[in-house]
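Structures follow.
In the two complexes below, chain A is the common chain; its partner is chain B in one and chain C in the other.
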Partner chain A sequence: MATAAAEFLRPSLGKRVSQKRYPLFLVAPAFLTLFLLTIYPFIYMVWISFHKWPILPTLPRDFVGLATYSFIFRDPEFWNSVGVTATYMFLSVGLQLSLGFFLALLVAAPNPVLRWFRLPFIIPVFVSPVVVGLIWKFMLGYDLGIINYLLRSIGLEGVNWLGDQTNALLAVVLVDVWQWTPFTFLILHAGLSSLPSEPYEAAALDGASRFQMLRYITLPMITPVLTVALLFRVLDAFKLFDVIYILTRGGPGNATNLLAYNIWRKGFFENQLGYAAALSVIMIIIATVLALVLIRVMARQDRE
Partner chain B sequence: MMHRQLSTIELTIRIAVLIVFFLFFMFPFYWIVATSLKTQVDAFAIPPKWFFDVTFENYIDVLSDTDFLNQAKNSLIASLANALLTLALALPAAYSMSRYKTGGKDLLFWFLSIRMIPPIVGAIPLFVLAAQYRLIDTYVILPVLYIILNMPFAVWMLKSFIDEIPREIDESALIDGCTNLAVIRRMILPLIKPGLVATVVFCFILAWNEFLLANIFTRRVAVTLPVGISKFITEKQILWGYITAAATLATLPPIVFLWFFQRNLIRGLTLGAIR
Partner chain C sequence: MKSSMSRRALSAWVGAVSLTALVCGSGQSQAGELVEGSDWLQRWEGVKLTLSSHTGPTTDAIKELSAQFAELTGAEVEVIDESWTDLLSKHLADAAAGGGTYDILTWPYIWTGHYVEGGMVEDLNDWFANEELADPRFDMEDIPEAVIEVYGRYRGGASPNPDGLWSVPYKFDVYLAQYRTDLYEEAGIVDAEGKAKPPETWAELLDNAKVLKEKFPDMQPVVFPLAVDDPMVATFLPMIASYGGTIPIPWYDANLYPTFQDQPGQDAVAILNELKEYMPADVLDMDYDRVNAHMSQGLAAYALNWNAYLPVLLDPDASTISDKVAFDGTPGGPAGRFSGLGGWQMGVSAQSANKEAAFQLLSWLGGRERGVDFAMAGGSAARFSVANDPKVVEAFPYYPLLMDILEGYAARGMDRSWAELQRTIGVGLNKILLGQDPVEGLNETAGQTFDQAERAGYGPSATAARP
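Now for the complex of A and B:
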């Protein structure tokens, strides 16, 4: 091994000790920087959450202990936000996974024409969410938007996308599906490409239909990849902010007031950093649970 | 997966369905670019004008009447500074984790878990701290904050590139009398050059596109493009002429990069999910 070879060539004891620490020195800058930027602020945030904390430093910061938390859990606005976030995540991630899987299956064949479709399918991921939000805000306009024009030109009614509570949430789902289906497509595409061909050959010999192959070979073998894609998307969907900010500002009413947006609004719009900090603590606890599940799953796959 | 030859009918059906999705994913881009090249009247014509006289009015206006160029400069500074900073921190860490298994799986997944933190959660305490140190709206704050967003990607990406280089190369260099640092500089760096470039480009794109933190941590001086563009939604009206032109220009760098570095950028995006 590299270390062993190096130590063999450096017999002095002092050097051997520094040799042992060398890998740690290499990791230290990255680790300490991230630690300072995340763990320390997190502890500080818990402290802030115990206070009434206006943004202006001249205003008084009163210690209120856990009062903010008990208020949050009785606040219908918070529970509405939880419900809206859960609904959006369920619809959005569900659609992204099904659509991504469908598209990955479509291009999975040794044909050069099919391969051309890969690049266009991944572009949306690399575009700023602000631009994505603006593009769709433009297209979803009630009177002058192109989407309602197309709907009307085939004889349907125009939809009040951003002005109606249910439609606004669906619009957010639509935009998220547009931007992130490429991601699930990519992961599942790679997953499908790496499946071994022997089970299919054996199944073909046994006269299995293509649906049976999909159901009994592809699906079980792709499940681990599907799980990783699911968890990545769940955690990312949980963070959604930019698109809400551009598209709906949490409205109409509180119909698209996702957790992340709600925190921004409380903290930086309504000037209640203590309240926003308490919400953040709650949100990060949920995110941690989700992340632990993801890491558990990924680590298990790594071993296999 | 096993691949049979597709029958002509099936291939045709597949391509037809794919074209529908191609339109779904690509039409919005076409529409925003087309609108940016229309006059105000044509842009909102019903029925929409599929054929129109191309005008660069919106581009001239957004470049001359707004702060666009200055914000583009700010975005460039923040993204580039952050990409280089992140690389400088992540490269030694990735090397160490690849060659010495430093910290094992735990450290690797610790880096990954940072990626899962919702940025708005970090923004609250970091805002209070940054205000105390008078860092709000400076050129320092965004490159530093974006380390949180980019470091997990950079570490995982670089590690995957270094993993692909046989260890024997390090060992033979060590036996030839190279010092530890010389091994990284003279052997590893040249070999992972595509990986280094891809990592820098990846971090650059993420920082270039970032909105939430930029919106909170800048005011007037260090405002970046996404924040600037979002300000074209004013209380009274939405300035679609500015927006379509500015959005088109701001989207060009990521698309160009994606075109050139496609494979390696995808590797970064999907982190551990695709090896």
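Now for the complex of A and C:
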């Protein structure tokens, strides 16, 4: 009887096979989407990077192996680009996190007036980067810009924002900080709001100062959220193109020639898709390594 | 019975419609039938032509002429104007996809290598020889030979036919000087008649700048477009030529071996470095638009720019100096005075489905008989007849200066690697103006352009080893 029941309940061979395949069917749409939109284009990009590849098929597309990579690593412009991107990223993301954290702390304070600032703080995030670039281009003008006008009206010298190598990079950082600090503010504000109140109550009973609470309670507890914000902003900073395109075009000299802008120029303005693909592969590798380091840090924090 | 009838009627109707569509869609229905009153322009009913270009007054003028062509021939003409920086990639992508979206392509001559080496445009020699299609009064002789050479031929690189005529002028651009007559006169920089005297040499410009700075401390004596890339190189072009750079292309030789690092380049950089001291602090961020704005707002006494930008300075609604600005050729040096040549050209797309109609449109837009209308509508025409027309000269007094190119001109590159080389040269010159040693900077840049030309498949090492 029991055997008959087991036999009855046992699925047929076809059913067993389809049960085995069932998870595959579930995963297939996601895999297919990922393959078509990410994996295949990436493999194709790597393939192109081994070629001299003009857009026009009527011109020769020669296989050059690793020659393009070899050229890139010997090219001082590439290393300049890497240096400029790293400097910009370090300054910009660092400032965004610091200011975002400060603002989040400010708004988290039990002050009803400051809470009204939450919305105005995040407005820059909603503005298109191209519009941001145009607005700042006007504001940073040496003779007619409002920023220099304000500086001069209080008796200071006007700053040559976009015509000087150091200042131009700082101007790009300034614009990026203005636009994206609200993003880090938003994430950190959410993180601070979700912190439990018990540790603070206990610390207050023990007589801890506000600074000690910040240093020994808030910072350790908010670090995972900070790391997430850092990850987002670092990867985003790598892609900065539109603001550079509008604001400086990579100049003066090559002071603001960030990697992403360089890739656009090589690919779409100089018709060197092979070169642009090789630069993109290198940029993806650098970004992936950075992301892996940050993800590992996050995993360690989770374990702790 | 009824159903069979209606099916038959439907079939006949579909057949008639298909036939009509086939005949009209081919664009050949009216071919050969001349427009009334014309001895060359044919009827092109049912044909749609698309011209691709960049935004600006020249394309606005082209739109007006295109509308006349459409009215006369029955063709539908669409003029697509967009940002010039995106145009090359769009044209290349369309050609690569075999789209045939465009019938007439326009491009600046610095991109010609892509269009000719890539087989994107027709050789117009045969088309102009076709008496059934060509405008008998197009008058190629009315266009300066130098312009035909730069805007029409492609002799370098891997040209499929060095004597081919790939295009005709679309927008004639010459680098010109603009100066404030009131300031020059007030500062005593005048000729024998007491009229403002523009500088004939770069050294004279430098002397003038010193006088102007002292007389008007709040005014910029000079402003040049020196932003990295295109403006930097365009400004340096007449300078290096006037100090003895090879003519008409002072950047490299036939093998793309760099030559700009030689003595003429060093001398030109030296004078530019001195002049920069009398320019706005942020001049390395100034492109053509900003220089024009600077000038039109009365902030500078002397500027260089393409003639296409100059109508703004003469417009009292847009300029504070419309009644006190005059024009001149760019200054010269020990080797003479040379005009920097820029500009755009137009050709018939090799993928056009309506090449005959496209060629007639191109002939209509560029022909001698429309030259004056084109100029008066804001276009920049490269024709003697236009430059000498009293109506045109009265409206745009700088027009006769455009023909200074006959006395000597300098041009940028046309090969496929030029966009990359221009960027490298622009960055190199910018760095020198920011303080790098000129000789070291020029040699370093020359080495980079040598590598880039070699990687692009040209043979600079056939001339000499890497500089």
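Criterion: the second predicted complex is superposed on the first by the 258 of 304 C-alpha atoms of A that agree within 3 Å, B and C clash if a C-alpha of one lies under 4 Å from a C-alpha of the other, contacts with A are read in each partner's own complex, and residues count from 1 in each chain.
One rule holds for everything that comes next: a contact is a pair of C-beta atoms (placed from the backbone, for glycine too) under 8 Å apart; a residue touches a chain by one contact, two chains touch by 3 or more.
From a predicted model like this one, the values you see are computed outputs, not experimental measurements.
Once chain A of one complex is fitted onto chain A of the other, the partner contacts of A:142 are limited to chain C, with no touch recorded for chain B. Contacts of A:254 after superposition: chain C is touched, whereas chain B is not reached.
In the superposed model, A:77 lies in contact with chain C only, and not with chain B. In the overlay built on the shared chain, the residue A:161 is in contact with chain C alone; chain B does not reach it. Once chain A of one complex is fitted onto chain A of the other, the partner contacts of A:293 are absent, as it touches neither chain B nor chain C. In the superposed model, A:268 lies in contact with both chain B and chain C.
Touching more residues of chain A than its counterpart among chain B and chain C is B. Of the two partner chains placed by the overlay, chain B and chain C both lie in contact with A:57. Residues 57, 143-144, 268 of chain A lie at the contact with chain B in one complex and at the contact with chain C in the other.
Looking at the complex, you find that chain B touches chain A at residues 1-6, 11, 14-15, 17-18, 21-22, 24-26, 28-29, 31-32, 35, 44, 46-48, 89-90, 92-93, 95-97, 99-100, 102-103, 105, 107, 109, 111-114, 116-129, 131-132, 144-145, 147-148, 151, 155, 167, 170-171, 174-175, 177, 180, 205, 208-212, 215-216, 225-226, 229-230, 233, 238, 240, 243-244, 247, 250-251, 254-255, 257-259, 262, 265-266, 269-274.
Per the touch definition, chain C reaches chain A in the complex via residues 85-86, 88-89, 92-93, 95-96, 114, 117-120, 227-229, 280-286, 294, 297, 299, 416-417, 419-420, 423-424, 427, 430-431, 434, 448, 451, 455, 457.
Contacts from chain A toward chain B in the complex involve residues 1-3, 5-6, 9, 19, 22-27, 29-31, 33-34, 37-38, 41-42, 44-45, 48, 53, 57, 103, 106-111, 113-114, 117, 119-131, 134-139, 143-144, 146, 149, 153, 178, 182-183, 186-187, 190-193, 195-197, 200-201, 204, 218, 225, 228-229, 232, 235, 238-239, 241-242, 245-246, 259-260, 263-264, 267-268, 273, 276-277, 280, 283-284, 287-288, 290-291, 294-295, 298-299, 302.
Residues 52, 54-60, 71, 75-77, 141-144, 158, 160-165, 168, 248-254, 257, 265-266, 268-272 of chain A touch chain C in their complex.
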